[in-house]
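Following: one structure in structure tokens, then a few remarks.
Chain IDs A, B, C, D and E follow the sequence of writing; residue 1 opens each chain.
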Amino acid sequence: MSDTSRLNATYDRIVCALAGLCLSAETRIKSAPGDELVIRLPVENLRAAVAVLVNQLGVTHLTTITGEDLTPELTLKYHFWQERGFTLEVELPGEAPVVATIVDLVPGAALYEREVYGMFGIAVEGHPDLQPLLLPDGWEGPPPLRKEGDRD
Amino acid sequence: MEQTRTYDRLPTPRGTKMQREEGPKACRKSLGPGAEGSSRQQIAGDSRTEPTKRRLQRYVDAVVRWARRKSPWILHYNSGGCNGCDIEILATLTPRYDVERLGILKEGSPRHADILLCTGPVTLQSRDRLRRIYEQMPEPKWVVSVGTCSCSGGVFKGAINVVGSVDQVVPVDMYIPGCPCRPEAIIDGLAQLLRSIE
Amino acid sequence: MNALIKMLIFPGFGFLFIAALAFDWIDRRMIARFHGRVGPPWYQPLADFIKLLAKEDVVAEGTHGLAAAALPIVSLTAVMTASLYIPVGGIVGASFEGDLIVVLFLLALPALAYFLAGWISAGVYSVLGGHRSLLQYFSCEVPFLMAVTCPAILAGSWSINEISNFQAQTAWSALTQPLGFILALIGLIGKLKRDPLDIPKAKSEVVAGPLTDFSGRKLALWHLTMNMQTVLGIFLLVNLFFGGSRFFNRVPALPVFGLKSVAILLMLSTASALYARLRIDQLMDLGWRILAPLALIQILATLWIGG
Amino acid sequence: MIRTASTLLENLKTLAYLLPQLGRALVTRPETVRFPFAPPVIPKGYRGRVEIHPEKCHGCGLCVRDCPAFALELQREELNTFKLIYYPERCAYCGQCEVSCTFGAIYQTNEFVHGTDDLAQLVVTLVDRKPA
Amino acid sequence: MTKTVIPIGPQHPLLKEPLAFQIMLEGERVTDSTMRMGYVHRGIERLCQERTFIQNIHLVERVCGICSHVHAMTYCRAVELLLGINVPPRAAYLRALLCELERIHSHLLWLGVLARNVGLDTIFMYAWRDREVALDIMEALSGGRVSHAVNIIGGVRSDVTPEQREEILEQLTTLDRQVNWLLGVVEHERSLQTRTKGVGLLSLQQVRRYCVVGPVARASGLDADMRRDEPRTPYDRLSFNVPMHTAGDVWARTLVRMQETLISVELCRDILKEMPEGPLAVRAPRRVPPGEAISRSEAPRGELFYYVRSDGSDTPARVKIRTPTLPSLLTLPQQLKGVTMADVSVVLSGVDLCIACADR
């Protein structure tokens, strides 16, 4: 299957390019054409990694940013797509989480970062217009997707 | 002669039917149809009760009621629904269902409308907006909640951002369950409402 | 007594009112049929009118109440007055040399009132719609006036009655000056703010234009004014371009007149089903760059032939 | 000359592209249903109001558990005494209850729920099992 | 020049759903715009964590009423990946058939809304009349006009009988003819073109930068279609081309959507003809083993993305929904800048907004 090998070559290229920046790379998330690559990074390397992806590998398509509350810590997953999907994953502390913006590198991330800010209370440093995207005016209480907001 | 109205009496939240009757709807009912036109004449008729005048009044009322039944203009507001009922409402305007046969027109401005069609559960963000639209509509007005979500909250009941059904925000005169309602159900509900305008 | 009947019943207000409702119905029904729908029943415009009359009349905050009440009445009065000078089926309420000018002036008043209705309102849509209605009025009125002048030049008279009589004896202007007729039709659509040129009240852009904040009685009067204006505009065109109420001098006058009016109404309905709405800048381009020069050509041609 | 005429014709055609269809619409019968003046024609498979074969119901509550809109309620007192109550105003008409029911008791009819001004009137007790 | 601020929405005849725009006008020209979403935010992602996997099928189906089936299908696929289930081929074909019908219905609906917003009510009526044919087919297949509820985890619920197949093929022929006519209208009708050409321009570069998907991206020349890029049964066995344009304006989007509709009609036919026999579903357990799964599919508006994580119980630990409208919304300020007030309606309807999708 030349198709599969081509797709695997994509993954190889990405892993090679990010080798110096990442903590680990594994194919963990299940997806239709086979499992998808997940690259775990330290938070401070995120911008550097995205810059490599955008500038060296020509990745343009960010599908979305998924936040998750895995108490005690939070994770953010940046789902990219080039020929096939892959994910950058960073881990954030549960208390006062901060992440650097990637809007200047991938302008399409603007709304997703706002959503993450509203839903998880993760401050996105350097975002030009950081307000909650979907929450109603005057929302009180914890960010809705955090575990602390769980009702019994 | 009419000044800007102030709304200090907001619709009562959902309760039993009796409780709701005490709200603005009940006032409307006691005034009878023909809100101010008739009230002015009633005052005139109070001093000298002339049978001919009263009979005339009855005829006028009958004509007005007939006109209201035959010309309901609708305004549609989606207060947080999934679109399904909205497109079914729009579908009632299109050739297959053509509600213009019943005189129904879809209006854009709340000031022109008689019937407010609400779809979807009421979200926190659109609650005040829904109330304002309701207030902007001139009397006599009716509210129809279209779809399961707007009748009771439906699948979104208990969601963190959802207030609940439409009748928690504005008084509702007709509930049409369905997810989404068929155009037939919407037309049927509207026809029932019009019949009750007697 | 005769004059009173003429003024109040035929061809005055009573007839105009019924004709306005009837034409509204025919129009809506035709458009519905074009869409492949059934359309409203015959009493629909009447029911709409009565319902609006009996509805609560709210004046929005920030609106000048007196002006809002006066404007629809002013425009309705203007339209009703204009109706006295337009012959219907050969019967005319009042006629004198130069009544065409008076009618054109009276028919311009509602446009001004419409603009003012937007201007006095507090809502942004109303203001925007009023603004647009003025722009549209300027770009449509000029070609309309110029086109309407042609039959008058040809007949050598400024009396509508005489023009139509002249045409009944010679030839219809619609045949001798087809260009002028088309221009007058487009101008009329623009004047009436009917469908392809409903720019000041486009639903998807400015909700309902200047009328956004009107409700109840005032809205009813506005609608009535619009409908009466449609009727008068059509009657005017029938008189000026279709030789009034005569057809080979054999057939009774009124049915002929009615048929001709309905024919023009059908043209209007077809146009509204046929085209998308123009943008206001596109309309101004059309009005000033295409229609006005064409109208000028038509006038020159008329002068050359008939003058 | 011919070319200019043909381009002119082409232009006119684009200006009146809808005209033939409009004419056709005038002469064909509109396909509007007669509905409010005649009974509605609802397809057989339409997923409407939920019904039940009461004798087949065992009161297991599978339908209640899987209902996404909490439109079914099981009131159980003893093992064989229970009530199954259905709230049409909450129902999503998804038919999950039909899928979940292992006894084939619950099913959807093809009639839509009519509008009402009082929601309490809609509530139906589907099964009211009393001890024999 | 007078400066005005025009609020559009939340209740505006142009928008079928609430979305608030503030449009800064100079004369009739738009200088700036801001947007407020969240009027339809119901917290579905949060609600998904509180309901079981089975209840969630119907919950995510109600994210959006227009593309309800594709939401449920994509969600089910993600759960099936977690369970390690392969859907029987017949079920996959049936799902794809409904997907294509939904695309037809959505695109015709959109054409109607666009036409209504530019004042061409005739096309609105015709497009919606033709759409009823697609709805009829879907209703015959699934029992619902708009929400279908055919998906269960492990397959589908309803089947096509041979008689139904013949009937559907016949209805598709009508649909084909009428969509062809509508395509002709888009290609030739002058007044529609005057309103839509050169409005709402998006360059290929902008589309790339803002990660736009679906017909909006394809009308600007970005060749992306999840049906082809991540092929699954039955799309890997069918041949179809992806219509593309480079103009990047609303007219190009209209053309792309109408051509897609035609291709979808063709695909429906192929799917019906090649549909294999077999079971409709496999049994799926209620509890889902722990793990993460991603599922992507091509909704009518573009790439739809679901991320599901399970912690081993019968409720998901996280469901993330990315709907295709979101990136399109991001481009709106760019598209609106410099157009006239009259074109705002064209631009807004041109990207085919689905606020219910975007807000969730």
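Just so it is clear, a residue touches a chain if its C-beta (ideal position, glycine included) is under 8 Å from a C-beta of that chain, and two chains touch if they have at least 3 such contacts.
Since we're looking at a predicted model, the values are computed, not measured.
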If you take the chains that touch chain A and keep only those that also touch chain C, what is left? B, E
Please give the intersection of the contact partners of chain A with those of chain E. B
The chain whose C-alpha centroid lies farthest from that of chain A is chain C
When the contacting C-beta pairs are counted for C-D and for B-E, which pair yields the higher total? B-E
Innermost chain, where centres are averages of C-alpha coordinates: E
Just how far, in Å, is the C-alpha centre of chain E from the one of chain D? 22
How many angstrom between the C-alpha centroids of chain E and chain C? 43
Gap in Å, rounded to a whole number, between the CA centres of chain C and chain B: 34
At least two other chains touched by the same residue of chain D: list those residues. 18, 22, 30-32, 46, 68-69, 92-94
Any chance you could list the residues of chain B touching two or more other chains? 94-96, 98, 101, 107-108, 123, 125, 154-155, 160-161, 179, 182
Going by residue number, chain C touches two or more other chains at 32, 34-38, 203, 207, 273-274
In contact, pair by pair, are chains A-B, A-E, B-C, B-D, B-E, C-D, C-E, D-E
In their complex, what parts of chain E are in touch with chain A? 37-38, 41, 43, 45-46, 77, 81-82, 208-212, 224, 229-230, 232, 291-296, 303, 305, 307, 309, 317-318, 320, 322, 326-327, 329-330, 359-360
Please give the residue numbers of chain A that touch chain B in the complex, ascending. 135-137, 139, 144, 149
Contacts from chain D onto chain E in the complex sit at residues 11, 13-15, 17-18, 21-22, 31, 43, 45-47, 65-69, 92-96, 99-100, 108
Using the touch definition from the top, list the residues of chain E that touch chain C in their complex. 4-7, 12-14, 25, 28, 115-122, 125-126, 129, 189, 191-192, 194-195, 340-345, 349
Spell out the residues on chain B that touch chain C in their complex, using ranges where they run on. 2-5, 33-37, 63-64, 66-68, 70-71, 94-95, 98, 100-101, 103, 107-109, 111-112, 114, 136, 138-140
